[in-house]
Amino acid sequence: MNQIITFGEVLMRISPRGNKKFMQSNIVEFYFGGTELNVAISIANFGGNVKHISLVSDDFIGDTAVSYIRKFGVSTSSVVRSKRPLGVYFLEVGAVMRPSQISYNRSHSSFSEVLPAMVDWEKAIKKGNWMHWTGITPALTQGAYDTLKEGLILAKEKGLTVSADPTYRSGLWKYGKDPKETLVDLLHYSNIFIGGINEINEVLGTDYSYANEDFIKASKQLMETFPSIEKVVDKIRTALNASSHKIRARMWNGKEFRETNDLDITHIVDRIGTGDAFAAGLIYGLQHYDDYKAMLFACAACALKHTYEGDVNYSTVDDVVKIIEGNISGRFVR
Amino acid sequence: MNQIITFGEVLMRISPRGNKKFMQSNIVEFYFGGTELNVAISIANFGGNVKHISLVSDDFIGDTAVSYIRKFGVSTSSVVRSKRPLGVYFLEVGAVMRPSQISYNRSHSSFSEVLPAMVDWEKAIKKGNWMHWTGITPALTQGAYDTLKEGLILAKEKGLTVSADPTYRSGLWKYGKDPKETLVDLLHYSNIFIGGINEINEVLGTDYSYANEDFIKASKQLMETFPSIEKVVDKIRTALNASSHKIRARMWNGKEFRETNDLDITHIVDRIGTGDAFAAGLIYGLQHYDDYKAMLFACAACALKHTYEGDVNYSTVDDVVKIIEGNISGRFVR
Amino acid sequence: MNQIITFGEVLMRISPRGNKKFMQSNIVEFYFGGTELNVAISIANFGGNVKHISLVSDDFIGDTAVSYIRKFGVSTSSVVRSKRPLGVYFLEVGAVMRPSQISYNRSHSSFSEVLPAMVDWEKAIKKGNWMHWTGITPALTQGAYDTLKEGLILAKEKGLTVSADPTYRSGLWKYGKDPKETLVDLLHYSNIFIGGINEINEVLGTDYSYANEDFIKASKQLMETFPSIEKVVDKIRTALNASSHKIRARMWNGKEFRETNDLDITHIVDRIGTGDAFAAGLIYGLQHYDDYKAMLFACAACALKHTYEGDVNYSTVDDVVKIIEGNISGRFVR
Amino acid sequence: MNQIITFGEVLMRISPRGNKKFMQSNIVEFYFGGTELNVAISIANFGGNVKHISLVSDDFIGDTAVSYIRKFGVSTSSVVRSKRPLGVYFLEVGAVMRPSQISYNRSHSSFSEVLPAMVDWEKAIKKGNWMHWTGITPALTQGAYDTLKEGLILAKEKGLTVSADPTYRSGLWKYGKDPKETLVDLLHYSNIFIGGINEINEVLGTDYSYANEDFIKASKQLMETFPSIEKVVDKIRTALNASSHKIRARMWNGKEFRETNDLDITHIVDRIGTGDAFAAGLIYGLQHYDDYKAMLFACAACALKHTYEGDVNYSTVDDVVKIIEGNISGRFVR
Amino acid sequence: MNQIITFGEVLMRISPRGNKKFMQSNIVEFYFGGTELNVAISIANFGGNVKHISLVSDDFIGDTAVSYIRKFGVSTSSVVRSKRPLGVYFLEVGAVMRPSQISYNRSHSSFSEVLPAMVDWEKAIKKGNWMHWTGITPALTQGAYDTLKEGLILAKEKGLTVSADPTYRSGLWKYGKDPKETLVDLLHYSNIFIGGINEINEVLGTDYSYANEDFIKASKQLMETFPSIEKVVDKIRTALNASSHKIRARMWNGKEFRETNDLDITHIVDRIGTGDAFAAGLIYGLQHYDDYKAMLFACAACALKHTYEGDVNYSTVDDVVKIIEGNISGRFVR
Amino acid sequence: MNQIITFGEVLMRISPRGNKKFMQSNIVEFYFGGTELNVAISIANFGGNVKHISLVSDDFIGDTAVSYIRKFGVSTSSVVRSKRPLGVYFLEVGAVMRPSQISYNRSHSSFSEVLPAMVDWEKAIKKGNWMHWTGITPALTQGAYDTLKEGLILAKEKGLTVSADPTYRSGLWKYGKDPKETLVDLLHYSNIFIGGINEINEVLGTDYSYANEDFIKASKQLMETFPSIEKVVDKIRTALNASSHKIRARMWNGKEFRETNDLDITHIVDRIGTGDAFAAGLIYGLQHYDDYKAMLFACAACALKHTYEGDVNYSTVDDVVKIIEGNISGRFVR
């Protein structure tokens, strides 16, 4: 009864090495990712018991995706096979003032045909005590939204804690639903809100500024609107350029406001999945520590993810705790 | 007025190196291919003036595809950009008794949205004297069929020679058209039939055997049914296993039957696109030689393609002619 | 109660690409292997429920080994972590008349410290109905021998079928035990003997020839000596050179002698683990088919393994059955 | 009548990956470059119509060079094939305080045999409205100088705008000509001077300092000496070390002095060709914007080039304009 | 009589590319290293005459190690072949706040069986005028300690200068000896002490601080305790994180205290072997320059090593001298 | 006094991996080769004491070449550094009926400036007892011819055995000398003639056929013309195609005719340098065995070379002897 449940699309990520463009080299690397899967794997790397629910293609690419998820010890027992091809995203990694670029091939992917009838939620979450969702899934298709909602209703019923990362990505939401309405609907089943002023303004239709006072006010209004929400956690990224960022976090937990110091990421290796590493760190942290340490843990996990290639955060609890304890000099471990 | 025109989908081909599976290595290579494009590039490598008509994605993958086609000197002036992602195919290369495996992601690709209105055929073929089509394009979507047909009608009107490779691939044809009817329709605009007993039986609804006598009878019946057809050219492949094949060809040109000897391909490097290399060799050959030498040229081009990685036949006219002249010992060129 | 249990060392295999020597390139590839693990993974790829028992290092190399095993869905719940480094083998792949060369670094490996107390056999085999062992494990250390024996005793007690591949490798057996005595001891707990004249002569101290009549006589004598043995299955390899082999099998099952035809492997990709693929095929075959088809399945699985890089046989039941049904032309699967 | 014409050597650039030395790895990468070609390709990437004139080898390396140029849509119709091998340069990329090192093999290259009779300038520039030359070409051989001069005379006659990047590289100039005299001669045909105090002092024999006032004085004197020159544009690089630079520019256009702010390139990917990217940006900019924006465009293009591997600037007009507009945080483009 | 003698283990270093983990890619690179070998090769790269004494495996890995050492012109005439496998270390390279991680497989390596009888010291050092040792060798096995001591006794007798880098690594010293006692014993044969406050406190049992005054006091006490010691040279590293360090040095030579400025290494390529590069630079420097310049040379050599992949410092005397002279802008060398 | 001396150009060989063309991948591999160097390294790999005399470039490419030669233990003490760049050859490896293609960049290479004054032959051969030359060196430049001749005169004087491989390559000989005359001149200093009917007919101006009787007659006439020649050894290659060859040899030693059986090389890895491996095997064989076994050794060495990538034969005496003894099944060595 301690399983963490995630549900979302698995994407194959294909990119040239280093900072090359596809035009420069016909040798490329692939990983698998997807925002909820990234959270799942990161928590598994912390030693958590995790299950990821998804639809993947019924071909050797789908086999490879399943074996990839299994490799991290994440349960694939609720992964369904689909006749459609797996979603793909192509990535060109920028540097300095050159932004990274992503091109998606996902609109008719395996996951795009998900319907509530395809997921046996009763069975899928029967060992769960936590469920995590993001704003990507309901943005994909009506079926994805319906399926997620069914899962959330059951999760609430069964008493799972629900964390929500209601990211709004404007490039999605093509199937006719209003993003605000949809996210508002789903937030009613959620306990932990992982997001900042942009996300709060989006769902409340407000106009709060980035200042801490406004963050507190906004959080309070959010909690009034969604009484199930207990904590609002905001990750703040300051980007010098594509190669150097700073990360800190702040939180309103209904009682007090806490804020961390900036962590300085001077030589970014891979920026993808760093938000997911934050969410995973927060979930793990809230399950094992007090609120403030959970936030420190999330921040450190997020910072560490910037040093790994691919979507996945490979850091262990030990690795993260060392950062929290101030060991940020990167001294050799023999 | 000597341009060869091809029309068809451009696919990104992604495969691990050597005989690896995707599960074995996250480093893969990509090329671009597509049966008609393969024909186009092969003819360009023979020094031909070629234009390829297609729809590719309007992102950095589409840019890469265009630059790939341009690299061979094939004109991309009639390539249209589409909002959908480029089609992809994944390939695992077999060996000995292990077959190669292909998985497609093309059903909602850039090319899948082609409609007659998107191709300005008048402009596209105004320098053309030859047009080549295959059974893949009409098998994709109604729009692809309609667009191709419009092109063929105009090609006939303008007096271009039309070669047809009416391959029937059962994994396609999902949009509701009957393959036989469709291919029959398009063959009425064609002059050169590149295909064997299987293809003839498919379009005639007959049951001819592989014997030479039957091939001649079948060809005669085909020419009676389709009076525009002047030559029937059949490539015969004998496979020991995935690593060793033999290739020969036979032809009925309305007057005489000719047959080549087997070319022995004892150590196959890459089998993909070898049929396209045959078609390209035949088209080039018929434009420059007599029927028999054209068939020898096609066979040698096809055999050589087995020694190049990727979809493309890199051999030059010189390379092919040397094989025809019997230089098959692979002796060093310094 | 249908789990197949294997027990043995996990080795990291490191080799340059293609036919290179370490002296030629500082870029190398690694996989994990080990004869019993290879059997385990191959059966898992057939869809079997498999558990592998081993000791691996307690560092990032051990983590990588565990994730590698997990990737194939083989249970790692009985894998123990050791303070010693994981065993390694270095491989240079030969070609034609040049033999492949292997150099081991395993004598003080993680697995070398295994002792009976470290494996909870009761728990480990509680879902098992089959156990497989090879002559490599008892050849490593006294502790490995003792631990294996303890497992076999329990397996016999619990009614598991035991298959034995009593390969004798002269480079091992450094810890003082007599190979013959040891293998004889362990064969008393075994039901299926996977081996040929060499192995029989080794354990019986006889001098049988390779002729079929002698094979039958030898098998009979073996079964008399070890009444638990029900079947003797022999894989016969005919090597033209390092790049081209033929494989067939013969069997004495106490009642009849059966023999398969040769399968011709004309372009070997990787010869390592092909014996393990045979054993895995046989185990899977005996669980699902009659004796003769099991032998055909084993042979085809073995032949297919020669077409995959690494120690692992990636073929599925479908792949193998196609070979048995005579589809050995390696024709494309689209 | 809007083609931009470049003329110069095409070199094959060969380098190990990352910061490796040739002694460290026998796996290397190649691109093609050459200062004028780099300008040509960069302008083509901005959407310009460009032709590059050169001599390349008549072998598969020359074929590869031509296909490389064609890939960017640069016209190769005036590329001549030579019996000599293509020039090569070997590069070891430094980092921090370790400088990059280059070793050339170009003194008897394909291009080194260029003579005026080999280039049909009338035909080559008939669609041109701009021609660009650099100080590298006249430094190579008498034939290169003569051929370039013939082109410039015709360009002036036909009213093309001529931009000059009279870089002085002391390692060249082996064929007996005096650099100063030669550059002075060619500047008489030029309208845009891309260079700084060093270059001005070189051609004028003066001793101006780097201060802005001196730059203005120097520019004025230059324009007096060469009345055809209308603008002097100077790129100023401040290097912390091999991995971190700042770039800004200043210009005297005969009427006013303008200067840009520094762009900070904190994590250099590849420094080669950044001057060429500046020149290309300036040419494109002067054709589409006012002088100041042209200079901003050149600076941003130059800065962006530091983030691409190889000699070529892959940035588009859009990419550059975003930098000009202040989007230098490298935020993701999805 | 000008040969520099080193004695110590040769290790094979295996690591994934860039910042990858072994779990992320099965393609890895190898080099050879070992602290004393690194010193040897670095001095050979400065043009020194160097011999390295070691035991390596008698297999193709040992052959590769020998050829690697030979490649730098270091004499391998005193390298002995052992039946045991070569020691290996696995490395995952960190970045920013993620530390690099190393896992060793060396406790039963080729070198671990070294005994005094295996090294013919008379012959090995007969052309030597300098010998260098580090705290790693006596930490490995009793045999290694005994063999080293025998060498040092002879070196002292023959009048060689002996430099000592008495690094204390707590992960070693498993064979029962007390580190302090052992290092104290060996320091009696040494003339140059390369180490800082930590090392001095370790051997003296003192508690000096890092302040310069304490360093001077500590050095004086060290020289009193070990009258053979003439100079104490301390390298001071300030780490911002795993990607950015500063290096400076200070020295007490019995007469005066000297200190260098910090060298700023803003983008570290590979940190391994940088201490060895310092030692090599110091040895070379003391043989060719005065004390202060020797220290500058050591510092610059150390800084440059951070820009090369692998254990080896590839810089030449020229490269190092340029840094000393202040050329740290990394300006191109053509 | 047992050193084998070779003299000739060192070339950098650059080629794409596998059967790729340069147009297909910008990742390539390099080795170093050159016919006489290949002989030198192969003999060193047999344990011989070898010195190679050459001129290489005075840059990092030349450094890499020297380190490459040193790696095999071949003495580089007579390698001179030149201001010109090292010669390069580009290779595209064919397969089946596609021939490999080579393109040279050597006519103004480092070695091309060799003059007799640059080689101190007295010193270079003072430890020699054998010298080997080929028809490539005198074909390069007058200086190369003169320098070689000076060496051969001294070698004869000092009593070294001289082996000659008077290959005639028509693509060379550009400097005005008549090949026949030149080779005839040099053969007067030679004792072992490694060549077949083509080479004999070339130097004698005869017209012998390939039949054994003619070979004997031709050899006799050769020995009459060149009384210093004691043995004529001919390697006979039968090529099925670029991927499969057979090798045998025949010899006339003045007394008897001997011939070996064909060795079948069914899956060629790399054909370059196989003639050099034959020569090296013959030289080693004649120094250690009787004539017939020397010929067997040469044949087996040649056959083995086809299984190694690059120019170099990595086989040891052991490896070769196993082939002579009939172990050609490529059975594993563990």
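We call the chains A, B, C, D, E and F, going by the order they appear; numbering starts again at 1 in every chain.
By our rule, contacts are C-beta pairs under 8 Å (C-beta built on N, C-alpha and C of every residue); 3 or more make two chains touch, one makes a residue touch a chain.
For reference, the UniProt names are A, B, C, D, E, F = 2-dehydro-3-deoxygluconokinase.
Note that the structure is a prediction, hence the values are computed from the model and not measured.
Asks: Touching chain D and chain E alike: which chains?
Replies: Shared contacts of chain D and chain E: A, B, C, F.
Asks: What is the set of chains touching both chain D and chain F?
Replies: A, B, C, E
Asks: Count the residue numbers both chain C and chain F use at their shared interface, divide by all numbers used there, and answer same if that is over half, different if under half.
Replies: Different, since most residue numbers here occur in only one copy.
Asks: I need the rotation angle between the copies chain B and chain F from a CA superposition, between 0 and 180°, in steps of 5.
Replies: Between chain B and chain F, the superposition angle is 120 degrees.
Asks: For the pairs A-D and A-C, output the one whose chains share more C-beta pairs in contact.
Replies: Answer to which pair has more contacts is A-D.
Asks: Averaging over Cα atoms per chain, report the distance between chain A and chain F in Å.
Replies: So the centroids are 62 Å from each other.
Asks: Using mean C-alpha positions as chain centres, tell me how far chain E is from chain F in Å, no decimals.
Replies: So the centre of chain E lies 42 Å away from the centre of chain F.
Asks: Express in whole angstrom the distance between the two chain centres, defined as the mean CA positions of chain A and chain E.
Replies: Here chain A and chain E have centroids separated by 45 Å.
Asks: Which residue numbers or ranges of chain E touch two or more of the other chains?
Replies: 18, 21, 23-27, 29, 31, 67, 71, 101, 104, 267
Asks: Think of each chain as a node with edges to the chains it touches; is that a line, ring, star, complete or other?
Replies: complete
Asks: Please give the residue numbers of chain B that touch chain E in the complex, ascending.
Replies: It comes out as residues 24-27.
Asks: What part of chain D is in contact with chain E in the complex they form?
Replies: My answer: residues 18-21, 23-25, 94-102, 104, 169, 171, 239-244, 267, 271.
Asks: How about chain F: which of its residues touch chain E in the complex?
Replies: Residues in contact with chain E: 67-68, 70-73.
Asks: Mind pulling up the chain F residues that touch chain C in the complex?
Replies: 18, 29, 31, 71, 263-269, 303-304, 306-310, 314-315, 319, 323, 327-334
Asks: Within their complex, state which residues of chain E touch chain C.
Replies: Residue positions touching the partner: 14, 21-23, 26-31, 57, 59-61, 63-64, 67, 84-86, 88, 90, 92, 101, 103-105, 107-108.
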